[in-house]
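Quick heads-up: structures coming right below.
What follows is a pair of complexes built around chain A, which joins chain B in one and chain C in the other.
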Partner chain A sequence: MSNFSVGFRTHVAPEREVRVFDLTGELDAHTAAELEAAFQKALADGSYNLLINGTGLVYISSAGLGVFMAYLEDVRERGGDIKIAALQPNVFTVFDLLGFPFLLHITETEDEALERFALPYEPEA
Partner chain B sequence: MPRLPHRLNVPAATASLESVRRFVEAHARAAGLNDAQVMQVVLAVDEAAANIVKHAYGGESGHAFTVAARTTTEQFVIRLLHDGNAFDPARYRTPPPLEQAAQERRKGGLGVHLMHRLMDDVAFRTSGTRSEVRLSKKR
Partner chain C sequence: MLLLVAGFGLALALALQTTALLSGRPLPLLLDLLHGLAVLAGFGGVGLVATHAMGRTSEPRPHTLWALVLVVAVAFVFGILLEWMLVPGGIPPDERAGFGFLKNGAPASPRTLLLMLVASLVGFVVALFVLVRLRDFVLWRRTPLAARFWRWLVAGLVVNALATEFVLPYVAEPWQTYLDTGMGIAVATLIGLNVVRLSWIVYLTFREKLFTLITVLALVAVIVAINVKIAPSADAADTVQRTFNTLVSGPFAERFSPGLAAFTKGILAFGMIYGLAAFLLLVFHLPTSTDFERREGGRMAFTEFSRLIGQAFNTQQLADAIVEASVKGGVADRAWLALVDETTLAPVVVAAENVPVEDAAKVVDASAFLADLSPERLPVQLDEALADLRVRHRLGVPVGSLLAVPLVAREGDVLGMLFAARTEPFGFASDDRKALQGVAAQAALALDHARLFKSRVEKERLERELDIARSVQQRLLPQQLPQLPRVDLYASSVPALEVGGDYYDALVLDDGRLGLIVADVSGKGTSAAFYMAEMKGVFRAVARDTASPSAFLRRAHRALTLAPGTFVSALYALFDPESGTVTLARAGHCPALHVHEAGGPPVLVRPSGLGLGLDHGGAFDRVLRETTVALGPGDALVLYTDGLVESRNPEGEEYGYERLVEAASCHRCQDASRLHRAILGDLHDFLRGEPYADDLTLLVLVWLGPVGHNAPPSATFVPSDLPLTL
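This part shows the complex of A and B:
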């Protein structure tokens, strides 16, 4: 039985709509398919601003990170982005180890990530 | 004196990864590794196990693999044993920079890289039809 789940919310800002994914549990090679299905659904719905809230995410392996890698260019080509917020320290460590902070915005809070959808992505020096 | 290894035998399926992580976590803690080291070993073993499921057995059902944990005076050692396709380290290529990987929409290819980053030693061995991934961490 999977201990992973994806919750959905939509945040409507004046100029854009952001699809928020609340991840709970452990994201590994078994559960990554659930996140991928959620991303595919969002893209099929025409939602390209994707925000991951990692408050409830307790574990991630490279299979989970691979989902972000696989969809990042697709959403950016359509004017959207993937942003990640509120990761637990252990989980952030894995993103950091592979250099993800240079690839996409990883913020401490969801509000901060929402604000950044107003800006194009620029890697931080 | 090194103790005899503890063993876990599981079906070669991604659904087994959670129990592999719990097994490794318990034995890494018993070996006295700190929280950060436990996290590193658990992730490295998860990556090795996922590769066995996906690549050694190509996602086919009906196979199994074994995880063995052993603590010596200096190291905590995990061995993953299987009889699927052997991983050939000579054919392994370091993954491209992350930006390029994203442009190419690559979903995988980071597992072996992560194992090397997280462990003190990573070795792949094959003898006949049996293959082994050996991951070790200094205590």
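This part shows the complex of A and C:
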């Protein structure tokens, strides 16, 4: 039924550890719970630097987008951040239309996002 | 009736013997036959009545066995006493034949007569009792073969008795010996076939076995003691021999009726052999008894568990039953169950037996076990659990060895893990593991059922909710769009299978401008319908008071009370039918499409703006921009929701903006309803029957130009929410 999955990786940089989530498939109202569970587990483990790699993400619905927003504030309060990298063009459009680039870093590559974790988030607009 | 015949038979037999006593001669041939028939009727009747009275059972209890042993012992004592009464001090066996009888075989005194009757009767009744009681044991858990062998034995004993009474005395030697020996071998064979039926012994508990052994030994001791007291010269074996003789094959019973004596002798022989075999088996089974009892207890526990889990649909009840069965089944000293939480996906200990739940949760790292599971989901056995890193042993929970069995649902999902611990290392044998795997498999099935049941209930609830949400959504959409001169407006909203949160509305403001809104609430179902209603309230209340689209959206952003993670994308356009100018602001919504009647291609109008409710800092106001587009006469403004551009064909390809622009370009110069229909038609062709997953809202406005402009005839204004079937 569900063709969505979340893969976990941990990227250890000298100054900080970043939890990388590889999203594959379609993130919609049905599969959003899986991403939510993954985020909760990361928070429970004390990981607040979360990076989404969207290379395999082919579709995202508004419920899927909601997950990011639901956790963004929480993560930032604890000194971490959520960043999104390597989105496919159609998925990026969805983020872009809603104005997500004004709220969090959406970068073209994972490395770029990893570098940005070094800097505190500053709103662009 | 039967008793009457029996009484008559016995009386007749006694009378005939009395005539022999009085005449001092044995009975002549005819009278002897009559005596035989009288004995047959008398004892046959007594036998049938007694057999019936003793009843039968399919499952003999240990006390039946003890009663049997006691009766036999009492009979032995009675036999000894009887002999003692006859000959105080005992007499050599070879001289006993003539005792109490005349040389010709007739009874010598009334006492002889009495003893003949008493010995026959007592021997017969005891033998009958033995036969009837042993039948219950021999035929316990009977098979057709066992029942047949038993019938053959009884028939053999009866035939042997009848032949001994009525045939044997009248046959000449050597045939008499042949017949006698042949019948003896036949009866012995039948006894052999029935003696092996001893399986009931295995099911006696250890205490019952021990008690039986002690009872038998004590009774034998008592008998020997009595015998030694009465006949100091005789040893134990001799006692058995002589008692047997007195009761069965001794002169009294045999002279009275050889057939009856043969019958009694046969049964008692069977009883003795069977008793001896049972005794030996009892001795051999004593050491393994405890193990067997444990197994049996386990089997009962598992049976009870199976029965229970078939009835329970409550996860907690099931969990409790699972850990209880594991411990009561004897495969573990303590057990606990960790189930994977559906939202956090982390294992949570929900039930524990013989250990507090909190301790069980701490003593073993359940998530590590789940993470380390093999692809085949095999159980993990730790013979020395304390050496494993995943086991923390400083909690006072004795975990010497540990068995972790995953609960795998039919679809292959791991529902959780059953942990069984033994206090000592190397505590689990392979059959323990198999038993636990059986419990886990059944448990997984039951939990899966419970889950399915719950999800079905949940689904039905959701469906009811969706029905409500759908009807609410339909009522929230405008039943009729406002009609303005020089404006051709057409709109529709098709709810998807799962109700989304699309909303559109139109309102003529006091200054004559037309306010248009298209919005999409994130999420689905009841909550989406609820936010839609809120959106409508905000629109109806605020639109009239705000001069610009951006002001409206800022007000809406503040007014909406959205749950975290919920947001609304909206586009608000203010259209001036006099000048044809549209001012619009976009809060995260799909861009508007401006379709020129002539000249350039359609243009996507996309001023910047965040979705409503996405951000609670100042970003919304900072980012929001507003833009003005001047429509030319015949130009169209197309507003829509993401259900249009994100609909996917069977190949998973999105309809997308390019196709929308292309379709709008092809069908420009049409009136609003035709352009609307053309765009949906193009989408329909693209989807090739694939249903769209989201609501689809499409609103088309065509400006017919300023007053006096020679425009195409105005289209009729149709109610906008016609259900469209694509």
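The criterion applied here is as follows: the second predicted complex is superposed on the first by the 124 of 125 C-alpha atoms of A that agree within 3 Å, B and C clash if a C-alpha of one lies under 4 Å from a C-alpha of the other, contacts with A are read in each partner's own complex, and residues count from 1 in each chain.
Rule of thumb we're sticking to: a contact is a pair of C-beta atoms (placed from the backbone, for glycine too) under 8 Å apart; a residue touches a chain by one contact, two chains touch by 3 or more.
Fair warning: this is a prediction, and the values are worked out from it, not measured in the lab.
Student: After the match on chain A, would you call chain B and chain C a fit or a clash?
Tutor: clash
Student: Is A:Leu98 in contact with chain B, with chain C, with both, or with neither (first, second, both, neither)?
Tutor: Touch partners of A:Leu98: chain B and chain C.
Student: Could you tell me if A:Asn3 is touching chain B, chain C, both of them or neither one (first, second, both, neither)?
Tutor: In the superposed model, A:Asn3 contacts chain B only, not chain C.
Student: Go through the superposed model and pick first if A:Ala29 touches only chain B, second if only chain C, both, or neither.
Tutor: Both partners, chain B and chain C.
Student: Touch test for A:Lys41: chain B only (first), chain C only (second), both, or neither?
Tutor: Touch status of A:Lys41: second partner only.
Student: Report for A:Val58: first if it touches chain B alone, second if chain C alone, otherwise both or neither.
Tutor: Second partner only, chain C.
Student: Tell me which partner A:Ala70 touches in the superposition: chain B (first), chain C (second), both or neither.
Tutor: both
Student: Would you check which partner chain A:Ala85 touches, where first means chain B only, second means chain C only, and both and neither mean what they say?
Tutor: It touches nothing on chain B or chain C.
Student: Would you mind checking which of 76-84, 166-174, 688-696 or 706-714 on chain C runs into chain B after superposing?
Tutor: 688-696
Student: Using the superposition on chain A as set up above, list the residues of chain A that contact both chain B and chain C.
Tutor: On chain A, the residues that contact chain B in one structure and chain C in the other are 28-29, 59, 61-63, 65-67, 69-70, 73, 90, 94, 97-100, 102-103.
Student: Using the touch definition from the top, list the residues of chain C that touch chain A in their complex.
Tutor: 343-346, 498, 520-524, 564-567, 569, 588-591, 606, 608-611, 614-617, 619, 622-623, 642, 646, 648, 652, 654, 656, 693-694
Student: Flag every residue of chain B that touches chain A in the complex, lowest number first.
Tutor: So the residues of chain B touching chain A come out as 14-15, 17-18, 21, 39, 43, 46-47, 50, 53-54, 97-99, 101-103, 105-108, 110-111, 113-114, 117-118.
Student: Given the complex with chain C, which residues does chain A contribute to the contact?
Tutor: Touch list, chain A to chain C: 28-29, 33-34, 36-38, 40-41, 44, 58-59, 61-63, 65-67, 69-70, 73, 90, 94, 97-100, 102-103, 123, 125.
Student: Where on chain A is chain B touching in the complex?
Tutor: 2-3, 26, 28-30, 59, 61-63, 65-67, 69-74, 90, 93-94, 97-100, 102-103
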